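Comments concern the structure below.
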Amino acid sequence: MSDERRVQEVLARYVRATDRRDGKSQGTLFTDDATVQVFTKTGHDAYEPLSEPIIGSAGVEYAVDNFMAPHPEGGSSHHTTSDHIIEVDGDRAHMNAQFVVFEVRATARPAGGWPEGAFGAQGTVRPIESGYYDTDLRRIDGEWKIIRHRVLMDMPIAIPGA
Amino acid sequence: MSDERRVQEVLARYVRATDRRDGKSQGTLFTDDATVQVFTKTGHDAYEPLSEPIIGSAGVEYAVDNFMAPHPEGGSSHHTTSDHIIEVDGDRAHMNAQFVVFEVRATARPAGGWPEGAFGAQGTVRPIESGYYDTDLRRIDGEWKIIRHRVLMDMPIAIPGA
Amino acid sequence: MSDERRVQEVLARYVRATDRRDGKSQGTLFTDDATVQVFTKTGHDAYEPLSEPIIGSAGVEYAVDNFMAPHPEGGSSHHTTSDHIIEVDGDRAHMNAQFVVFEVRATARPAGGWPEGAFGAQGTVRPIESGYYDTDLRRIDGEWKIIRHRVLMDMPIAIPGA
């Protein structure tokens, strides 16, 4: 498998762990001194940090397990990435990717069955967030790990109480 | 071309055949004894089969041609896949991918032309389904074919009369 | 990096340049005699050209800078591509990809802060266009350049005054 594909698959595992709210799997993708920071767009090519960086594998695990809202009953999500630009230089790599997040809300089957005329998938799939992931990786003992991950959000984020 | 890319392109052809309702092209991507089964999500990591498996190339062709709703006038769709995780082991491969299905409904140009203020693409693009494709392939005479394809839908499916 | 990935990354740079309305970056992806033409779907497998072809690197640069609507305050977009089918034959390549365009509209933070109950990303992400990119490339001095780019839109386009 090419290094570029290996690097891209780190992001493929990242989005699955995020969508499953699986902090442990998410944490293993990062080094112990990795930094993760979320930025929101304030203008053309301008971003500001949303909060302090999260530090390392353990910090990422804790953040996913404690700060991400759990899916409601029937809920799931897909963080999808596309149009990756990846540069590998020896044991270092840089990746930039677009992302779009879809929120899925399944409708529960009514006790008496689906109403007349109901057809196909029952529920909603809705894009709710978008932006770019900008990510630096390092190969350690043959495995690519994230050392710096920046989430560049297109829209501002409202945090209750903040 | 790498084996991983070859495997991924099987899925790229699969989604095109699905969107075109082209049973013949779809069937050729599968072996004669392949199984295809659709599952719907019933809980965290839990799925139940929606129906019996479809068997083989001929079964897939028949299902696409006879059971998929044709697009209405001006209608089309895009089954899009992302964040593939692919493992190739000799002549065997496994692929997991996210999917989001978009339903496209074009607005017909009015006889008198577009109304004042109309600008850009006329119609709607709407995500209607999502989930994961989980797919096993085998290399036969140098070509990758699907031997087992599981469609893991995030939402329940209403089938009239079922 | 494989030739297929190099070719795919040309498209990754294309969508970024489009979303940034960066005519200069966009132009450099094309040869001087490249043709770019937009088609709209008129029926099953039938398309008609929306207008005359744009010619070459300079034509593309001019078109992006002068004919693409600028993003409004808080606006951005993502042209996302997926399910690429790429054939490389020596110094020639052909790529077919699906595209979905998302329009992003950020909500400006109110002077008094977000209203009670506001949570998560503030604004909308909405799919507005879709179709296929069908692209021919040639390798020139080691770099892949687009020589012919066809944008096959699923929906008709309303152009004011046209």
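Should a chain be cited, it is by its letter among A, B and C, assigned in written order, with residues numbered from 1 in that chain.
By our rule, a residue touches a chain if its C-beta (ideal position, glycine included) is under 8 Å from a C-beta of that chain, and two chains touch if they have at least 3 such contacts.
Fair warning: this is a prediction, and the values are worked out from it, not measured in the lab.
Taken together, the touching pairs cover every possible pairing of the chains.
Because subunit B and subunit C carry the same sequence, their contact can be compared by residue number, and under half of the numbers here are used by both. Subunit B and subunit C have centres, each the mean of its CA atoms, that are 24 Å apart. Within subunit C, residues 2, 80, 82, 127 each touch two or more of the remaining chains. Residues of subunit C that touch subunit B in their complex: 2, 4, 41, 69, 80, 82-86, 88, 98, 100, 127-130, 153-160. Residues of subunit B touching subunit C in their complex: 1-2, 5, 9, 11-13, 15-16, 74, 76, 78, 80-82, 102, 104, 106-109, 114, 117-123, 125-127.
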